[in-house]
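This is the structure, below, for whatever I ask next.
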Amino acid sequence: MLVNKFEKDYLVVAQNASGRNMNVPLYRFKGSKPGPKVYIQSSIHGAEVQGNVVIYHLINTLKTTPICGEVTLVPNCNPVGTNIKAGEYTLGRFDPINGTNWNRGYYFDEALVERFVDTVDDEEPLEKVKSRFRKVLKQKIDEKLQETWGLGLAQQLNLKLQQLAFDADIVIDLHNGPVSTRHIYVPEYAKDSAKLFNIPHVILIPNTFAGALDEATFCHWWTLQNLLRAKRNSDINVDVEAFTLEMGSQEVISFDEGRYDADSILCYLGAKNCLESNTYFPKSMRRVAVTLDNYKILYTRQGGIVDYLAAPGDQVKKGQALARVLNVDELENDRASQVIEAPCDLIPILHFPSASVLSGTQLYKCFTDYFELTE
Amino acid sequence: MLVNKFEKDYLVVAQNASGRNMNVPLYRFKGSKPGPKVYIQSSIHGAEVQGNVVIYHLINTLKTTPICGEVTLVPNCNPVGTNIKAGEYTLGRFDPINGTNWNRGYYFDEALVERFVDTVDDEEPLEKVKSRFRKVLKQKIDEKLQETWGLGLAQQLNLKLQQLAFDADIVIDLHNGPVSTRHIYVPEYAKDSAKLFNIPHVILIPNTFAGALDEATFCHWWTLQNLLRAKRNSDINVDVEAFTLEMGSQEVISFDEGRYDADSILCYLGAKNCLESNTYFPKSMRRVAVTLDNYKILYTRQGGIVDYLAAPGDQVKKGQALARVLNVDELENDRASQVIEAPCDLIPILHFPSASVLSGTQLYKCFTDYFELTE
Amino acid sequence: MLVNKFEKDYLVVAQNASGRNMNVPLYRFKGSKPGPKVYIQSSIHGAEVQGNVVIYHLINTLKTTPICGEVTLVPNCNPVGTNIKAGEYTLGRFDPINGTNWNRGYYFDEALVERFVDTVDDEEPLEKVKSRFRKVLKQKIDEKLQETWGLGLAQQLNLKLQQLAFDADIVIDLHNGPVSTRHIYVPEYAKDSAKLFNIPHVILIPNTFAGALDEATFCHWWTLQNLLRAKRNSDINVDVEAFTLEMGSQEVISFDEGRYDADSILCYLGAKNCLESNTYFPKSMRRVAVTLDNYKILYTRQGGIVDYLAAPGDQVKKGQALARVLNVDELENDRASQVIEAPCDLIPILHFPSASVLSGTQLYKCFTDYFELTE
Amino acid sequence: MLVNKFEKDYLVVAQNASGRNMNVPLYRFKGSKPGPKVYIQSSIHGAEVQGNVVIYHLINTLKTTPICGEVTLVPNCNPVGTNIKAGEYTLGRFDPINGTNWNRGYYFDEALVERFVDTVDDEEPLEKVKSRFRKVLKQKIDEKLQETWGLGLAQQLNLKLQQLAFDADIVIDLHNGPVSTRHIYVPEYAKDSAKLFNIPHVILIPNTFAGALDEATFCHWWTLQNLLRAKRNSDINVDVEAFTLEMGSQEVISFDEGRYDADSILCYLGAKNCLESNTYFPKSMRRVAVTLDNYKILYTRQGGIVDYLAAPGDQVKKGQALARVLNVDELENDRASQVIEAPCDLIPILHFPSASVLSGTQLYKCFTDYFELTE
């Protein structure tokens, strides 16, 4: 017997060159008790497929675990990106036609929030404000989707997903890095929530919009909260959180690792009162964090083939070797092999997934000036 | 005998995975009389190759035509983009690794201009101000190129080219559209110069930076001019112009058409006193213009295969057929073929180069609310 | 009222990475009178989309034109190839994962024909022989499709289509060239049929299998006919024909040109007694032919950008210019531009679709030692 | 002081679209004593880069190790394939323009060997026969490279390399698999040599040509030997061997693993009297072998995302799980996850490098009916 109400649906997000609709499955669980609305999607970048395994495990758990509120799960949310191959790999990070990153076309409009706050009077209860705000924003996205001149494919896809996500109090976007260790993007105001996941590396991001789903969610709510606080001079909390989880490397899946990350998400959901009776608790572990401006990219200066010596998650000291580059054109002399050293103390979080690099390649992304999150 | 001094040089702009330098040829003509410095590059988008033919013709002309000042020509300025094939075509519009448009990584910093103007006193002659400004900006770009953490490939390429271009008084960036008729991007302040080229379609752009070379050039100078005018309360003119010329379709070249466009550029250069004795004069022709916000993209709502009925350059009335889309999945019923109509009076300037489209494809870019430029 | 029986069906040919079936529409018309079975497919190469337009017109005609026998139409028969974009173009000629040409995995087994003929006794009527032959071959393909270790995607796709095509007496495979004029591949034994189409360029092919659908059809039947003739010492005619039609260039469609080619096919079908009352007759036109070994590929020796001077269909004399190549690295000297001359009298049939070529590129495919087909 | 003579050279193998020569470095060591000629190349498939590291180590060793005869090393022998990126990975297995595998265009002509043997009289010493044979074959390749109509890029590249390789008595072609364990292709007649390398998996190949360098080498010599033996009725041995070494996975390098494989090659060279005083001896290890027809490919029947449970090199029993496939479209029911079982006892040697697969994907290549090579 199902412990929650369950429905499955499909969302049409595109039409391919054969004139066929491309749709995305939606799985929706509703508890019998009230509680937060949760929205979880995976694989907006088509080669980052491990989130689908996580959602598979979450579905299995939610079949037997009574929830409060509602959980919507949208696996494989980008059927275009998932299915573009070039060679053996998946060209999933951007639209192969125009280079548009599939995770940069969500909508945020600061002016819209400002105009909305002008319509809020001092007496309106917060829940009603939130509900009206959702309606206004979704109305605005509807209008954009109906524009006479149309919209680009990535933006259409993003806005259709954002319509669903904006109903939620909790939004989790499941990603992977190239060759990567687990890390999570957390808005600075929700820093305390970082400790509710079993993820050792935390990036704290400011109220700045760069196009991604987590930002498109929390920038709206964070801005609303700030304006309401100023207006009412009180410590209002809109209670909406959004995260991007990066759960290891792209192009691979593991059912076992997926169980770990599903449990990690259930720890967070349990703490947020999404489960009728919570049995998931975050692990005691060392968690280190950086502010976004200290999450740095090391680019190559030379082309060549790279032996990645530092593994994602390693603690590396300034001057230690990160990588060794072979120059096949100079194999007989002392320019044959060159070591790239850490420019400061750092933790490499991810590295480029191919040995072959041109100059100007994102070799490593690194935590610098990182600090420990206390429990 | 050469009528101008001539030198050829190479600029290293990248290193490939074989460890080899990738360089770009520079051709430089110096007249015996003083005059403007001109910088012309082509093929920053690797499939837009007609500009190389134009430069070939310009070189032939400049061998026998005495100039005032200096002309630097940089054909095929993106050796990476030119040489990435996927199927028979060239993947030249963006870095195939990360989707970065090759023409969006140039540098503009409004704050730097403001700080610079603070250093200008009321007595400093304009030529000296300009020369100092060039030095400051090139110094800044140098610093960026030396940053510890490095820079992405497209940005490195762009900045190395910008170093060269920023010396010039006239910057011309040669492009092609997908399937396209001739058009030109002109900064609003240089609108009068639009009539000096033999190009019938003109897009007038404001002082807003979106990453391209023409903008990176004129935004700096336009901003400087505005601030100096305000500061000195006089009608100062910095006399720097920058244009993007789109000379027909990508993936094809024509030596004959190249001669036409070389002559068109020589008309402009003649009018700007770059030639000792000018024999090139712009054609009398109808030129229509739009402001940038009226240069609109029509996206597809459906996927399918497209018969492009309206040719680039046609005058199309509201409601007229632009394209007819075949849906191969419904060939037997009345959804088989669907006509896409012009949403308003317009001139299609370019269209998508493949019959096969997904929903959300840039079908046409169109002039709307266009007007005639009077001679 | 429909003049023929009509049914539409779908054939599952693959499953994508989202776990979704990829299917192909089948349109089938059955006349009330007996007659040949016809099989027509299009777009096995995903960028060659004009055949879909031709099938659209054929469907419209067959709604109102009584036929004898049966016509099966399979447009867009390769849903994988149609939908792989890399840049703006369609990567449709080969599987992007492994380079396998989508039109080389059909099945032919000479030994199977030989073994089959051993089972034919002297009395067996030809129609019965043909029917048994079809059964044996389709049984064999079934077995291949069921093999324990599986089959590659292209071969699976090809064999599923071949199952359908092998029932037919007439097989027409609709293709396009890169930049191309109309031409048709005709098996030598069916040379007379070449004049039934409105196609000016004819390639006559021997009984040799290279993997394509037309060959996989006629090689089986041709071999059978030869063996039966030898065995029975009589002039047996199996009356099965198969053609590959190349109807102009890939990446573009035209509804008007499609009408022309649909009519051309109807001329052939009319002559073959597929129409109850034929009103389509081939045009009087000059038709030139070559044997396959005289259909030659001209490869580039140099890299550069190409102005294709000779248009497909032109008659070119030995020594005449075919193309002019620009070397962007040598624009200032006499190696800047180089003319590629015709090595003999020839007709270019198609050329490479991009101006940018490496050395070793298929520049032109040409008719050499061609001759006129007399009417 | 160098213990061998050393020279470095460059071979032009192609010209890119910028009109630039693409060349390949050649490193050549000559000992002061006579001995076999060795030819070693790497990275004909552009993403298989570990061979470059092996050659780097070999060069370092050969600087200080006196050799008999001559060793030619050609790293990174395909500068086109190495430098074609599509997404973050390298599109290195086939020409991105036409799908041609870079390792299938070498030359073999059985008839040429037969004609050559007709020219050998009974007295001609074997060394002279071999020397004439080399001359004849290289002459033939020269003619092909000069053909009026030209040759495709991959074939040009292959033939230019084959010109070098055909001088050698020992040819080693360094490759990698997708995700792979070490294995080696050995011609059946050289089976004993398999034990001279430190490679646990051996594929024994017959005298059949499929286009690769090792075959293009040994098929010529093997055929010559067979014909000479028949003609002279004696046990002639031409003493030429050729191997393809697959040293782990593509897209990664390791300097440490490279040392292992360099040493493995030195063991073989030592045993073949290429070193003045040999200090490299093969490891005692279990080596298993299969005949080529028992080296089988397991293709997927379904599309989905794959957890590769069996690692390359594992011994797997019939019925054991090889992989588990997730179908993201059916996450809530029992079709969500499906196990792919081994159809017989086998050792997986390599698997597909991406989790995302369509139906008809090469999931695993496996040793079946394998046997142990006794020492």
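As written, the chain order gives the labels A, B, C and D, with residue 1 at the start of each chain.
Following the convention adopted for this analysis, a residue touches a chain if its C-beta (ideal position, glycine included) is under 8 Å from a C-beta of that chain, and two chains touch if they have at least 3 such contacts.
For clarity, every value in this text was computed on a predicted model and none was experimentally measured.
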What's the overlap between the neighbours of chain A and those of chain D?
-> B, C
Chain pair with more C-beta contacts, C-D versus A-C | C-D
For the pair chain A and chain C, the C-alpha centroid-to-centroid distance in angstrom is 47
So how far apart, in whole Å, are chain C and chain D when each is placed at the average of its C-alpha atoms?
-> 36
Residues of chain B that touch two or more other chains sit at 16-18, 20, 76, 82-83, 85-88, 90-91, 93, 97-98, 305, 326, 328-329, 356, 358
Mind pulling up the chain C residues that touch chain D in the complex?
-> 14-20, 80, 86, 93-95, 97-101, 148-157, 296-305, 326-330, 343, 356-362
Once bound in the complex, which stretches of chain B touch chain C?
-> 6, 8, 25, 27, 43, 46-47, 49, 52-53, 55-56, 59, 63, 73, 75-76, 82-83, 85-93, 178, 251-255, 305-307, 324, 326, 328-329, 331-332, 336-337, 352-356, 358
Which chain A residues qualify as touching chain C in the complex?
-> 16-18, 20, 76, 79, 82-88, 90-91, 96-98
